[in-house]
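For reference, the structure I am asking about is given below.
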Amino acid sequence: MVTARIVCFGELLLRLTAPERELLLQSPRLEARFGGAEANVAASLAVLGHDSAMVSTLPDNAIGRAGVGELRRLGVDTRGIRTAEGRVGLYFLAVGALQRPSEILYDRAGSAFACAAADAYDWPALLDGAHWLHLSGITLAVSADAARAARAAVHAAREHGTRISFDCNYRSKVWGNRADEAPALLRELAAEADLLFGNDRDIALMLGLPFPQQPTIQRFRAAAAAAFAAWPRLRYMAATERGHDSVDHQQLAGLMASRDGLHQTRRYSLNGIVDRIGAGDAFAAGLLHGLLRGMDEAATLDFAVACACLKHSLAGDVNQLREADMLTFLAEEGLDVRR
Amino acid sequence: MVTARIVCFGELLLRLTAPERELLLQSPRLEARFGGAEANVAASLAVLGHDSAMVSTLPDNAIGRAGVGELRRLGVDTRGIRTAEGRVGLYFLAVGALQRPSEILYDRAGSAFACAAADAYDWPALLDGAHWLHLSGITLAVSADAARAARAAVHAAREHGTRISFDCNYRSKVWGNRADEAPALLRELAAEADLLFGNDRDIALMLGLPFPQQPTIQRFRAAAAAAFAAWPRLRYMAATERGHDSVDHQQLAGLMASRDGLHQTRRYSLNGIVDRIGAGDAFAAGLLHGLLRGMDEAATLDFAVACACLKHSLAGDVNQLREADMLTFLAEEGLDVRR
Amino acid sequence: MVTARIVCFGELLLRLTAPERELLLQSPRLEARFGGAEANVAASLAVLGHDSAMVSTLPDNAIGRAGVGELRRLGVDTRGIRTAEGRVGLYFLAVGALQRPSEILYDRAGSAFACAAADAYDWPALLDGAHWLHLSGITLAVSADAARAARAAVHAAREHGTRISFDCNYRSKVWGNRADEAPALLRELAAEADLLFGNDRDIALMLGLPFPQQPTIQRFRAAAAAAFAAWPRLRYMAATERGHDSVDHQQLAGLMASRDGLHQTRRYSLNGIVDRIGAGDAFAAGLLHGLLRGMDEAATLDFAVACACLKHSLAGDVNQLREADMLTFLAEEGLDVRR
Amino acid sequence: MVTARIVCFGELLLRLTAPERELLLQSPRLEARFGGAEANVAASLAVLGHDSAMVSTLPDNAIGRAGVGELRRLGVDTRGIRTAEGRVGLYFLAVGALQRPSEILYDRAGSAFACAAADAYDWPALLDGAHWLHLSGITLAVSADAARAARAAVHAAREHGTRISFDCNYRSKVWGNRADEAPALLRELAAEADLLFGNDRDIALMLGLPFPQQPTIQRFRAAAAAAFAAWPRLRYMAATERGHDSVDHQQLAGLMASRDGLHQTRRYSLNGIVDRIGAGDAFAAGLLHGLLRGMDEAATLDFAVACACLKHSLAGDVNQLREADMLTFLAEEGLDVRR
Amino acid sequence: MVTARIVCFGELLLRLTAPERELLLQSPRLEARFGGAEANVAASLAVLGHDSAMVSTLPDNAIGRAGVGELRRLGVDTRGIRTAEGRVGLYFLAVGALQRPSEILYDRAGSAFACAAADAYDWPALLDGAHWLHLSGITLAVSADAARAARAAVHAAREHGTRISFDCNYRSKVWGNRADEAPALLRELAAEADLLFGNDRDIALMLGLPFPQQPTIQRFRAAAAAAFAAWPRLRYMAATERGHDSVDHQQLAGLMASRDGLHQTRRYSLNGIVDRIGAGDAFAAGLLHGLLRGMDEAATLDFAVACACLKHSLAGDVNQLREADMLTFLAEEGLDVRR
Amino acid sequence: MVTARIVCFGELLLRLTAPERELLLQSPRLEARFGGAEANVAASLAVLGHDSAMVSTLPDNAIGRAGVGELRRLGVDTRGIRTAEGRVGLYFLAVGALQRPSEILYDRAGSAFACAAADAYDWPALLDGAHWLHLSGITLAVSADAARAARAAVHAAREHGTRISFDCNYRSKVWGNRADEAPALLRELAAEADLLFGNDRDIALMLGLPFPQQPTIQRFRAAAAAAFAAWPRLRYMAATERGHDSVDHQQLAGLMASRDGLHQTRRYSLNGIVDRIGAGDAFAAGLLHGLLRGMDEAATLDFAVACACLKHSLAGDVNQLREADMLTFLAEEGLDVRR
């Protein structure tokens, strides 16, 4: 099987989670895993059989090395992770329940990644052999330096002929008091993307346009039309659509637009969610997988939504399931114990 | 913000819970937390910003001191907890699932609290500066001494001008073979209450009247009318109304009557309950909070029900959430991860 | 209360489960319990008050002795468990969630049980005083030796006048490349059974007949008719019928046919399943309990389904609840905390 | 191998231990195991291959049944454990370290065992077939009723021809305010014993005599002489002698006197103790094992000390090792990994 | 008992420890406790019965509030902890073993405390009623702002007549690239101290003098002489002296000089250390306790060393033992289980 | 830094350890890690900065993939691990204490590795670029097929010019009933080795010669002389020498002979061992590291012993420390907390 090389650029974070749906520090214990939007995509693509590589900056201390090791365990090429002084960014997570939403407390200011200069990365070498570069709006939000580095990556990719996948991933807590810079920064990267992960709210933020249409599919259609009009390079725009009965019971569908049309999947019921974090990254990885495997658009979107749905059944940020698991999900081949 | 002082009188118990919905001692481990109806109210009020104080009796040993420390951690004034010989009351809890109900095994006979003489408490000093005294029918059930102490507290509060909040909290396992004394003892305290937590079954027990009305709201209306008729001091009567699909999936609504009318909240679906214990105490604290903050009756009841509902999402006896969390719940402002 | 003696023959396995619905080895910890279809029946019958005995083979090492001790803890007579060289069979379990099915990875090849010769068991002595012999198709699948031992057991039971309960329990992963031998081996034991646990798929496999009827009840009726026609000794055939909304949310009903007619229970909703493994064994034990206690057929089936349903609320393979728990379930006497 | 039947009479307690040498409730978790001096002896004898039986009283609730199951798991005959109203006695344990001693907090007042009337036990039936009755001074301390029951047991054993093993086991916290009754009560049982576990302090307490000799061996010799003089039935008196460098580093030797002479073992260094509780009970079981197996006095004492020493390497109250493990210890056959 | 009020000023940190002596993130779990040199002193003094108060800055988020709650649990007056934007400082700890030293990885840059302006604290109000102000050199190292705040505190204490206790607590990893400022900053605070915790290396660093004497006692004597000469306010200088056989096996003695002479305790062997962090803070609290209780100098030093030694037996940063525990240690009253 | 490529051939095992020094299954939990003599060497060399590769056979199931991922996490090149039908070999470990030795219970019969045919490995490709091939006598013991595969590997290495490192690693439980084949099989590989890990007992077994000399160093000298005489290719022979005070307290020294002479290190005291498994593999990796880095013989042996000693301070089979940690150990630069 021909494998593609995908380079993901972003921050790897140590995630510290309160156990068993407790509030933070209700018990004197935290579960420690690694995550981060782009790293989640890299890891999921590696598990799906691709040659995925992570580009990032981490300190050369026990936490940073553990993060690199975890990505390596999952099969990600970590040679592009440089070391530098500084800290590992953290996020604390209290998993919600019922009508109590999960809460993330970011503690990532001053991380080695956030402090890395824009020119710290040797993009021509890092992108050598890469078919896709994946990055997200979080990196733009992390720091001005990180945003500059992301721009440099995108421009190098353009020169190098590497396709660009960009996930808007708007997180208000990360943008903090730099929120007014968000539209311009996001827009600049969206303009270079072949594949854009975003919904009507993202497009509205970037283009300053309202999308009052109902239902969701019409809003997405209008937003995609605006995006395709604004950014001539753009080929695909995709998003998940989420409904909530409660924190543990949600519904998920997928939407994807190309210049040729629009696809929407059925709406899956997710009843008894284990861990919702990283579902969007699983979706992104699944969509890239579909495109790279040459699936048609509808099958690609179905596969991506299967990834996103099944991620909710897994602890941790990363969808660690393999292609066959998603195909079984789509085939609805039975939910009883496999034995 | 002006804060009120609320004094809660009752027993603090060590709660020993089988982990992960196992039966008791299926694994050789118990989770240890503290609870108790009145302490739960005190702790929740402290978290909500009030000056709440606990009056109780505990032995001066490692378990008793840990209980005091836990209340102090939550912000409760524990100077009113006296020490005496004896044991700390316990309860073992096996959390149920599906159609297997949760089971409590009380082990509280002979506790320092149960053995404390009625005159062990210096009520004039303990009630100094207090706006409310909160107690519950459990204390009446614990022992004859405890019942006498509760009566002494209530009478001192009356003399002192402290308002009285009384939660009937009928627990057949605690009353045990003193069950026939329950109606008279409960009635005596209900007669002194400004605020009574109880439903039609509680009123029926105390007043010896049947409430055969349908639906629940009519039974509650009739019971409240009987209560207001019987007890001239009573200003408010409140209760939760609970429906069960299974142990993990229930519904909750709130009811409150004043001499001016009746309020009922919408019925909330609780799908995927983490810990149901203490929901009634969260409701009581929420209701006191509403009254103390000067909310109108409907808003007070809504707030109390929000407390009760969200308590189901939290491990342990105590609603440790803050006012903003309940207001978000009531505003239905979104169930997705906050980040 | 007169108790009956039931002898169960089969393999005891060490079950190694990934914690908290993780994938296998996502965290470096496995929960270790013992299980096995026939041992689960023996344990459940012991908890229900019967004189149940296990006949098996285990090595005399720390794992084997722990397994014997666990059965003894549950009240099973373990004197019929012989020791021999070899290993303890294992199974690894990753508990699923949402639409990700639970997965069992068997690691039982070459176990002391699988390697035990057919004549290793002194059946006349082992069946002395036994009213029932219970075994399952898994033993036929484990190895040719185990299958021969099962046949020897059945023939000894026939000579000894012990009734035979046989659970088809078809597991494709255990049969592996001996799957083509399955129909004949299963058929031989089914032909000797007084009580057969199996559904239309099992009968179809054994008799080579199709059962295309709809709905399930008609398929079961037709299959039972075929079974009663084929096997004159057969008195009862029973099965559970399962529906899946997701891994955590299923429905369960019970079906039982005798030569006099057919019974079907109501369909119970299981919403928030803790552990689905062993539900069929709980059903078998419940059904045997009903027959042994002289319940009528409908009550017997109701009791068995109550066992199967409540098993889903318990961690581990074994239904450790007592008769009163099942009767409470059937009486629908309330799901709130018992206190 | 001929096995002897030993009946042990005493209380089974739920032991709740703070994890990892923490203080009690420093973390919200307790490790739950069962223990009790006489039950530890019964369990250890069962593991050593004897027919040991426990006589006690426990409530018929989840905790009581779990205790019975645990003894059964270890191979103890539990049919002599009667059920009665009441609670299970508890003890909380904070394991010490360095120069911080381990602390036991007893919570056993009012237990079902303590409240059982002296005539609750049918001793002729319970002692049927028994070669030895083992009991300890703790039972005398638990309550006046328990003391009367112990006396009844001893008198029945005398009539029945069952030998008596009595461990003085003086625990000041259990005697509490009944301490002044201790000498007479202990003396009465010591007077009936064939085998007495006690040291010079125990004899001094019972006989009111000082033993100022140095070193320990001379004190023990003098105390044994006094004991043999006072109690004509007594055949053996045994004790461990313990030295402390710190909580984790101790030394242990064994002493045994018969009417023919005195034995003392070498002094073993215990460096890195896992759990010291129950070492005396392991010693008692080991000594009974040696006598029952017909070892000579020196070998019996060696074996008993090996049991006591190795118990320090095991978590929980009970020495779960087998005879071969003790013989390996005595043979000093190597401390490296067995593989 | 008259209690003194001691105000401690410094940073409260969240400590994240790898479990069971593993390397950081070897398992996906961290134990979470709070610590910090001055907070440890405050907590220990509160447990010893004093009115201790903490002055610090923490963010008003879940982590900061948990830290405040933990201090409150231990009895510390936390009203002097202000809230501000920023993060909670962290430290990761891998506990060593054998010859592998424990490693601390600080992650405290940019904390709310480090960023708090020197004038953020209202010292006259905060020191109202305080008999002692305790602070340490760590605060000088944390940031220039924190150092200025410490100086302001000391000057306010001088004006207010509050005595000053200063622990040099030199940590090279915290000073980082500000290490060249350390001597002058430390010297300035030492010059104001009534009580100085430091050894010859600290005095050498501050005064630029060599202390080549042997053995330790002579070096300490010479350093104390230099300190008393340099700083006229100084009344006491104290330190622990530590020897290492391995990470788990150390020795500890105490040294204290006054203008009248020198005291040295015996050297205690610590064999099987549970947690060495915070021993110096336990020593400081013990010494303050002795002075406040009016013990003589030798008894004060003995008590302080007892605190330091016993801290090694406790998990977490804080000596949570009470006065009686230290007195038992000093009386060498037995290391066997207390029962 | 020039890195060498070392290929390690052997079996990767899942290690299942009872927690906290309990006996196996005393608690229902097992800690799961991966290990295996040759994999431990490969992992340690990767952490030390070398290009190490593992050649083995594992099934393509969740356990096998987890093992590969774990090696990858540690930096080992796992592309040489082939997949095949079968199981993952296991070993159960009960960690001892005091005088109770640790016990390993192997459960590795019938593993995919043991069943792999000798010609399953493409050695010319696998050894391409390799400077060393490391294997051990365990592979010879696992199965006749594995032994043939090891021989094929060695012969390919000889042809390819790859140096050979062979660790005798005699494990009687693995050889089982093939023990009489051991001398010849071991001798054949020893004859090809450049570097042999073994002591006088290994040489005695292989050459059938007695080494009665005292002390150890003389026995090692004589054995080395015999080895150099027997096997002309041999350049180095090395071993550790271990003394035991108890399971937790041991001593370790290193011995190495070349044709030019003999080296012996000082004897290190290991007091408070965390995990002794894998110390020999850490020694082997350290010795290879020294040779590869061009250290002189004495420094190489010192480094190897440092690796072996520090491994005892780490949980799990693998020495995960880095070169600087061993140099610090050798420099004896301080055992206090690094902060």
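To keep things simple, chains are lettered A, B, C, D, E and F as they appear, and every chain counts its residues starting from 1.
We adopt the following convention: a residue touches a chain if its C-beta (ideal position, glycine included) is under 8 Å from a C-beta of that chain, and two chains touch if they have at least 3 such contacts.
Worth saying up front: this structure is predicted, and the values here are computed from it rather than measured.
Chains that touch both subunit B and subunit C: A, D, E, F.
Here A-D and B-E are compared, and the pair linked by more C-beta contacts is B-E. At the interface between subunit A and subunit B, under half of the residue numbers involved are used by both copies, so each side presents largely different positions. Comparing the CA-atom centres of all chains against that of subunit A, the greatest distance is found for D. The distance from the centre of subunit C to the centre of subunit F, each centre being the mean of the chain's C-alpha atoms, comes to 45 Å. Rounded to whole angstrom, the centroid-to-centroid distance between subunit C and subunit D, based on C-alpha atoms, equals 42 Å.
Centroid to centroid, with C-alpha atoms defining each point, subunit B and subunit F lie 62 Å apart. Chain contacts: subunit F has residues 20, 23, 28, 103, 272 touching two or more partner chains. Taken chain by chain, the contacts link every pair, so each chain touches all the others. Residue ranges of subunit C in contact with subunit F, taken from their complex: 16, 23-25, 28-33, 61-63, 66, 87-88, 90, 92, 94, 103, 105, 107, 109-110. Residues of subunit F touching subunit E in their complex: 20, 268-274, 309-310, 312-316, 320-321, 325, 328-329, 334-339. Residue ranges of subunit F in contact with subunit B, taken from their complex: 27-28.
Residues of subunit A that touch subunit B in their complex: 20-23, 26, 96-104, 106, 171-174, 242, 244-250, 272, 276-277.
Across the complex, subunit D is touched by residues 69-70, 72-75 of subunit C.
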